[in-house]
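Handing you a structure now.
Going by the order they are written in, the chains are A, B, C and D; count residues from 1 in each one.
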């Protein structure tokens, strides 16, 4: 089925996109899903692989691997949980980067995407602010400080409203001058479900597509545009207000379906063509909710914690024993 | 009608509460409403007066005067608009404080409520950070610096999660030691409608009730608890996610009503008892949306601007020619 | 000798005051000094006790106990060093508070002094921002969350330029309403020597005197003014520019003394009456350096780290097994 | 005279360098100085032109034009003064950029140098945060929003400790991709005299040399390294602690010279060879003061204000009637 005709609420999580297609009872050709537990069951890992163009059309996401690390305990995590989480994140980061055949000398450029001045969009910049940078150190200094010789550089390019430039344009220039072996972009994401805010980490080897992220990047950031492999690491910090309207709509149908006298109506609604449903939701949402986000009252704290935690995972992945 | 049985979505704006009651076709005894324009039509002022206990029960707000200043142009305001706005705010602040018969020597304590570390709740603290404070200056210094001799002090008490104390407890202690003639509390509010975010200013002479504000104050801050008159100044920075669910519900009914074959259902739904509607919405909302806020992506910028602007209005009101 | 006639450069550290008096070869009656090592030699502890009014006059500090914890390794500390440091700080905090006979139910109010908006003066506010607050929780909640039932509250009162009130005035009011058993004030200090910046922690049981702290408090904060015992915890973050001028002066004399042909002058200079030396330095310093501070380029990072670390020590002292 | 042999205290201000050479009674060949008043005498403008390599050697600064705008009233400025200042800055910015023959379509990239996380070094980033960016807008949008069609882009590259890359390396890459006609770098400077902190603005057409700025840039940022003209705008926010030691030294000599019995000694000191004086000061300063800065207690406020003010001047220079 054509993706544009489905009732689509934007999500940056491949896992949610897959679930949403399945919930509508559609077959998704060219997309595989595998899931397992790690950390004595504390973390659920889900790997969605978009295998070909047909899968990419259905998912609205480029061909590649999307790995999701769900850590529901993060909000109330103690130090031991955080340590386990950082180790697991490091393991998956290393796994994802294996395909790029990084040598121990291979250097990594970490890019904090998003707008530092907008809290839910500041995750990328926060992560970079906690990173230990080594590219400018001599090899001996690196060995002494970080126990190995990997070189890490970093950049917070800002968003187009701040720079007047496409982020891809800035990165392309810097990559050409500094020659990293791998670019790791870190970004705040938009999810479909409020329960994923702050606790679902997505890793992908496809880079960043136009329209994704909290700030809605306009240009693609990928191996195609930068000339070097791009790994993307993100966590949802917002849900579009549209998602809540849609949830209300569906919940309403379920409630109606329970009341005998309204059942016929509920069934009718469910049978509405996807196009009609989509138009209906659009009508409900416009004009006020279009650009609004739902975020949690403690978003400042969430972004602060995740900034530290993702930096810790990156350190474990690329500085510890290679 | 009993307020608990209405389909209630929390709003701190008396104006919205009044509109919501009227929209349900109910009579509101003991509440008067007056509205007019100021600033060559740029600002709509609405004054809701809760006249007696019956009005207070219907409105869920204490007896007193609630003045709303709507400035839809604020988002795109130029300097001249901002100046007009600050003057208008100053005029209304002075009007509201007249009843307290402040003498020129009367001193004012401005209190920035809310949690500075949570952007949408930081408005009070931001306003105070821009205030010119004069209480510690000698009378001659005040005259020289501010063109008059009014004494202004200020406090940012923090929220209970930060202090372990009720805000009212802290304020009562400080008021007893420093003897202000009037306390002006500034706070971020929750609205019912997203279109009021950042552009509707409410002034009231009733203080702050438990359950109001973004951070949901638990204790009353009023002349009763502090022993001196309390003026409250606030601007909505969030809308509860519940409000969006309710909006979706109502919009849905309107859409249904337009389709001939569904009209019967729509009419039926509309006739549902308020209690049933309320139960339905509650069911839709729980458990996930309960504590969530909708806020705008540019909330950091909105709070920054309003912080400066409200401080400017307060300066105009209490420092300029008495 | 009369303190006003000595060449005095302000320091908040009793240890430096003692050293400075001794360096001038003076006897200090009424002041005892004891020093020892802790943490396998990692931390030097020095305890200066001002025993009577004669000692207080010589030292320019009230009668009481001043404990200094020197941790030269803090700048480059790893997690294990930080943990040891926090434990040591906790031990000394408990030792100092023993004399106040805190019962397990005794509640503590932590006060972050200083101006949050001025980085070197923000230490108090930062510490409070990291504190776990328990006073508003029920006893069972506290036991569950913190492993004991001590109640901790906190306040960041701001400085007089922000509030228009003496800090002591605000605290007196809040103490009267909330009845803590002990007040622990945390503050950024001014040291005499740049090598103490950020690594010397002072604990005292005398409260805060007028003229101390980075922001130069004007009023005393002590058991006398608040009515409850006051413990003070501080770390130097600035050195007055005057101190550098004085250091230059003394270093110059030493250099002169080495050159044979200039020795006579150097000797003469050294023999100058203290009054003349003092006048000379004053003349050198005025008018430009008077109010200037020397601080380190990485003061933002230093204050950030110390904020976390002191909060950790306070947690260890008052939440862990009573 | 060879610059290395003079008693050199680092300053980024060409004006101070020139004054310091003259104070030592030396001839400075190849350097011209012109000064005049603007703004009804409110602003002193000084233009130092380093005309050839001999001048460059004496000054320790590259050949080019250095314009200084002194605005002693900035600290206590009212709105009208600030407006005058912004207009004057804009006038000088346009004057300096004339030599680059910018066409109305010529686009400008503003670069905020320095470390945002270190307050005295954050000036560049603050200025950029207040800039109105237009490069990403269509020509019609620009005309509508800014009254002309100039395109402005901006970047905050961070410092090497944050990025692992030379700033020049990052800029070269971005310039190659985005093709600005002119790069305007904004930076916090180190001055020699505390009285210049926050009120002396320097504009130069030579770019940034290694070793300049608060953070001591290691690489040159100039037309030679970037391939496009570079204009530099800076304001001193720190003074090296060494400068205070030197000031003490000189003041001491003056005091000595006044006392008859010490005059011979003072004269002798003054006659010391520059080399000996230099060695003496070095000895006084090492090891502790070497890397320390003197800054003002209200540096946070100074940087905040200057950030707004320089952005205003840049807007006036490049957006208003071309």
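Just so we're on the same page, contacts are C-beta pairs under 8 Å (C-beta built on N, C-alpha and C of every residue); 3 or more make two chains touch, one makes a residue touch a chain.
Source: prediction; values computed, not measured.
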Item to check | Per Cα centroids, the chain farthest from subunit A | outcome: C
Item to check | Mean-CA-position distance for subunit D and subunit A (Å) | outcome: 42
Checklist entry - Distance from the CA centroid of subunit C to that of subunit D, rounded to the nearest Å? => result 36
Checklist outcome for this item: Separation of the C-alpha centres, subunit B versus subunit D, in whole Å, is 46
Checklist outcome for this item: By the touch definition above, subunit D meets two or more other chains at residues 117
Checklist entry - How would one label the connectivity among the chains shown: line, ring, star, complete, or other? => result ring
Next on the checklist: Looking at the complex, which residues from subunit B come into contact with subunit C?
Outcome noted: 117, 128-129, 133-136, 151-158, 160-166, 169-170, 172-178
Checklist entry - subunit C touches which residues of subunit D in the complex? => result 117-121, 194-195, 214-215, 238, 241, 244-245, 247-249, 251-252, 255, 261-262, 265, 268, 280, 283-284, 288-289, 291-301
